[in-house]
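My structure is below; once you've seen it, I'll send some questions.
Labels run A, B, C and D following the written order; every chain starts at residue 1.
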Amino acid sequence: MSLYLILSILGALVLLSSLGRGKRLVVPLAIAGLLGALAVTGMGLGLDHPLLKGMAEFDRYAVLFSCLLLVLGTLVVLLLTNPNERSDIPRVEMAALLLFSLTGGIMMASFAHLVMLFLGVEILSIPLYILAGARKRERAGNEAALKYFITGSFATGFLLFGIALIYGATGSFSTRAIAAWAEANPAVFTPMFHLGLLLMLVGLAFKISAAPFHFWAPDVYEGSPSIVTSFMSTVVKVAAIAAFYRLFSEAFPAAADAWSWVIAAVAALTLAVGNLGALAQRSFKRLMAYSGISHAGFLLLALLSVGPGSAGALWIYAAAYSFATLIAFVSLLAVEAAGGGESLEALSGLGRRNPFLGVCLTISMLSLIGVPPLAGFFGKLFVFGNAVSQRHVVLVVFAVVMSAVGMAYYMRPIIQTWLRPPAGSPFQLSTSQAWVLGIATAFVVLLAAAPVWVMRFL
Amino acid sequence: MKNLLVVLIPLLPLLGFAVSGLFGKRLGKSATGLLASGMVLLSFLCAAALAMLHFRTGDSAIVVNLFSWIRMPGLSIPMGLLVDPLSLMMVFVVTGIGFLIHVYSIGYMHDDDGVARFFSYLNLFTFFMLVLVLADNFAVLFIGWEGVGLCSYLLIGFWFKNHAFNGAAVKAFVVNRIGDAGFLLGLFLMAMTFGSLSFAEVFSRAASFGSGAPAITLITLFLFIGASGKSAQIPLYTWLPDAMAGPTPVSALIHAATMVTAGVYLVIRSNALYALAPLTMAIIAAVGLATAIWAGLIALSQRDIKKVLAYSTVSQLGFMFLALGMGAWSTGFFHVFTHAFFKALLFLGAGSVIHALSGEQDIRRMGGLRKALPVTYATMLAGTLAIAGIPPFAGFFSKDEIFAKVFEHAPALWAIALAGAFVTSFYMFRLFFLVFHGEFRGDATAKHHLHESPKVMTAPLVVLALGALGAGFAGLPEIFGAPHWISDFLAPVTGRGESHLSHATEWMLMGASVATGLLALLFAWVRYGVKGRVPAEDASVTGVARWSLGKFFIDELYDRAIVKPLFRFSAWIHDVLDRRGLDGAVGAIAGISPWLGQQVRLLQTGNTAFYLFAMALGVFLILFVATLR
Amino acid sequence: MGPITLDHYVFLSAALFCLGVAGVLIRRNILVMFMSLEIMLNAVNLLLGSIAAFRGDAAGQVFVFFIMLVAAAEIAVGLAVMVMVYRNTGSIDLKDLSNLKW
Amino acid sequence: MMSSILFYGLSTLLFAAALLVILSRNPIHSALWLVTAFFAVAGHYVLLNAQFLAAVHVIVYAGAIMVLFLFTIMLLNLNKETEPQHSLLVKLAGLVAGGMLLVVMVGALRRSSAETASDLATVHSGTVGLVETLGKVLFRDFLLPFELSSILFLAALVGAVVLGKKELGE
């Protein structure tokens, strides 16, 4: 409860600050508020409240994912201080919209009732439909916003129809009541329940950009301003997978037979599309978009093995992925600011133009590959390990092969960075970029020590 | 004290990496080189001190648990280091030979701009290699395994800066990852089956499964896939010749002496598992023997000095696996040990030659170098004699022991292996005579430039040559009455192999292999030393014209009946099977991915209507299959 | 004609939903696509409303309010995006917006 | 009997109107058919004894959303048949896709009839659809989402303004 309050009030305050002369205070205010929210969440202050009425539940899963979302959100907002980000939307509104979107993400991580899930998805998405088109006068931005909006609303339609059918079958929107119903009627799930479940799956698969519902992602990622893309590929992905896992582990565990094969098929397809698609990319930004798709596939593997330890595995994977991805996007922002484009060639000689950035980017790519002892390795280790223990051996073999393919394209930025002549003169990072890079890299490296703690906490 | 020493062994090169990586530019070239070499030497000294302090009294193992790394229900993995005779020997090989190669690199890389980067990578590689051999469980071993792969890649690509990142490099990478994927699957299965990844626990729990248990067979097979990727066995060997693009010291350190033997080390380390999986052992022996012959045949017709050595390495690794397939663990390791000396020597010698010729690697443009490069000549001779298995050089003892073990199990395989030894000796002496004897075949400017390498490069060559001469005495055959030092030392890890061969048989075997080696030497001498043939004509058909001139008939008969077909076969294997067949099959997996990627990319038409249609189709398919189920 | 049951409503809304889906698929005019999306949402509303009525549970009807609310917010944003696109391109044909690809 | 006739009548109207929405070539016609469809849905709500829902539905959809649509059409002067004639194939493909989806859904749901029929046969005639009941549920159980939905509106508001407004000097 306290978290929702803080974030909504913070968003409103940020908007209000555009009135007087508070514009310069926007980012500091937002950061302070987010850190406050993080502290409150971390200490568990007033998270549960009678007014929640079973709509949301701040269990340990929700707390852990909320913290991750808040940290990611803080880092993205911190990037807003850069003056050179091209955008036609004023910074105040951007900050406010990001905060609203973040609130939606937290709703998705903590829902216990389908209305909260639905509202969360919408509150997460609607600000992003707007932010995707933040470069109002560029056709690419226009196109990104419109594509995102149409495909997103289309997917929401399926999600809603699914919710309605689930309600029809079980008579309730509460995850607990739905699980109880499924428990009580184990032999035959009514077709209505079955259909509803699958349609909800489709709606959420869209949000994490799983194939064949992924087509929007590369185009929208490319057309949006990089800072918005960094938000989409981290916060949105984490929130969506958190909601996905929460829904299927809390509401539908008894019906696993009905959905696990779909997840397996979607995961396999997603892995293939993401990894193979990335192989053929020339733009770093699009490459990261396909990378996001491929990691959606890996994340889905965690969903397949719902059980003890799988939530922890999911968290570690999501955290490793999103911090590494954030580093990649900060690199992109910095290179763009230094006059480079979005192509891979723009990264060439980055190690000599700015060694710190080069090292961070390399660590990020290595973590995305899954090289030990970085965080990405542990994510893959636990996710694969859980999936193997649930007898999904064939799928894991496929995933391992696909991660081998992944290595081929993640090496390309590293090669550009270190083995190519510099594409320009050395440049400085802005203070905020340096901070974000430092923090995110620290997480990528230090999360390797976290698995024990996370597993014990969950 | 001893724990500190154990930790220092890998930590010192890591420190070297950090310092030379961070401050290399400021330190200057020679200081960085000295620092990097010094760290490896210190590491070696730590290992030596450890050996002095603890392994003379009969202690068999030291385990150091640094911290608990992964702890989850049902599986806990400490970050632990293990020093036992096997890992100690490996540490000696890695740091000892590694040190010499570091020193050599100071001279070899002297004119390069990226010296600091080079040495920091080398030190990082040494660190990961030490982690690999010192690991006390499979998870830590895997860290080292991945780390050495990464460093290997960085070092191969060291001189790649101005070339396009090509498909071959991607291929080499994917091939390696196929092996790693196998390894990883093996780890998962192991964790599932035994609930642990620590060597001690896995091996003790495996004992209760009994011989031939499917789980163990599967695990060992997966581990072997990993091993054959790293150690370049059929069908995953194609990356190694390609890796020769890197600087020569890298080839010597990584692709000859240390990293490629990691697969052999893995199998020896897991010998308790492999002993329970007869099927896997048979496969290993078959793959090893096939690789040994196959790569040897290919080496026959190579014209690039480093490619010859690369195929030779693949072939020698095949012999090692052949030994392991026979269950002769300490024998396999013995060959790893001697091979490290003479193959590092050969590569460094080749490097010295290349250095003298300002980068020329084609043996057709060498020749007669023995006068200009006396030290290199002498040391290369030692290395060539060693690999050819001429007593008393190191290769003789280890190879002979392998052959004895093979004969004991399967005389038919022994005959094939002997043929392999003949080929080995022949292509090595072919290389040797072509490079050092006859007339110089390069142009005048190159001839003018010929010079012996500086002391900093020749000194390691001399040390290694002494090793190639003396390393074999660490494992004298039983019939000489001396103790087999290596086998005794490794006994706590590998157990003691019993030999059932009579002395007469052993003498016979020894004689046969020496005779084979000398025969090949003779052939090579006649063909390349006396007649001064140049490989350009090896596979050419126009040799018929020469034949009609009425030369020595027997020689021509031999030439036509044996040598030419052999060369043709070799060339054919290389061109058709190797490049198009096997390489194609492995490459197909890698090659098809970019093509598929292109298809996926083209699917992204930019047309939102199509996206929506695809989504609807996805929903339809899911629901359709769901109703059918 | 028998009595009207919940099934009738389920089939009616399923049909309406699919009609909306078809509309989104066959039209390229952004405005009409938005209208088709509204038809899809109305199908959901109708389904929820009827289930609530047959079950005698008010929660379903309250959920419909939330969907209406979201639909209104969504369509406002959607139309704003469309207006922005129209200003730049002078077209509301989806075909004219396919530059981002591959 | 009466309710059956009404149901089928309204359903036919609803379906025809929706079909015309997606088939009309002039956006204005589509919009007008959409209004018709909305009223047909409202009729269904009344039939389901959900009068308040029907009222809200008319206000929100016909009152707000439709006005927004029509306003945009007028603002951008879009009441032309701008859309080029698509090949029959595209339309056919779309209709077939929608049709197949329908077939699958109905096929899946058909089997549920027997199970749901028994206890969900009739509309509850009670007080479910009354303002009082709905208000109590909305402001007691659904208070949190209700409050949070204000964020949604705020976001949409801000978004529509920043996207829609013309920049200075444009």
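Basically, a residue touches a chain if its C-beta (ideal position, glycine included) is under 8 Å from a C-beta of that chain, and two chains touch if they have at least 3 such contacts.
Not measured: the values here are computed from a predicted model.
Minimum number of contact steps separating chain B from chain D: 1. Common neighbours of chain A and chain B (chains touching each): C, D. The centroid of the Cα atoms in chain A and the matching centroid in chain D are 31 Å apart. Distance between chain C and chain D, defined via averaged C-alpha coordinates, is recorded as 6 Å.
Taking each chain's centre as the mean of its C-alpha atoms, chain A lies 26 Å from chain C.
Rounded to whole angstrom, the centroid-to-centroid distance between chain B and chain C, based on C-alpha atoms, equals 64 Å. Counting partners per residue, chain A has 115, 119, 122, 126, 129-130, 133, 136-137, 146-147, 150, 154, 168, 192, 194-195, 218-219, 280 as the residues that reach two or more other chains.
Residues of chain B in contact with two or more other chains: 601, 604, 606, 608, 612-613, 616-617, 619, 623, 626. Each of the following residues of chain D touches two or more other chains: 93-94, 97-98, 101, 105, 108-109, 112, 116, 141-142, 145, 149, 152, 155-156, 159, 163. Arrangement of the chains shown, judged by which pairs touch: all-to-all, with no pair of chains left without contact.
By the touch criterion stated above, chain D contacts chain A in their complex at residues 105, 108-112, 115-116, 140-145, 148-152, 154-156, 158-159, 162-163, 167. For chain D in complex with chain B, the residues that touch the partner chain are 93-94, 97-98, 100-101, 104-105, 107-108. Those residues of chain A that touch chain B in the shared complex are 146-147, 150-151, 154-155, 158, 194-195, 198-199, 201-202, 206, 211-213, 215-216, 218-219, 258, 261-262, 265, 272-273, 276-281, 308-309, 312, 366, 371-373, 378, 381-382, 384-385, 388-389, 396-397, 400-401, 403-405, 407-408, 411-412, 415, 418-421, 451-452, 455. The residues of chain A lying in touch with chain D in their complex are 1, 4, 8, 11-12, 15, 51-56, 88-90, 93, 96-97, 100-101, 103-104, 107, 113, 115-116, 119, 122-123, 126-127, 129-130, 133, 136-137, 168-169, 190-192, 194-195. By the touch criterion stated above, chain B contacts chain C in their complex at residues 601-602, 604-609, 612-613, 616.
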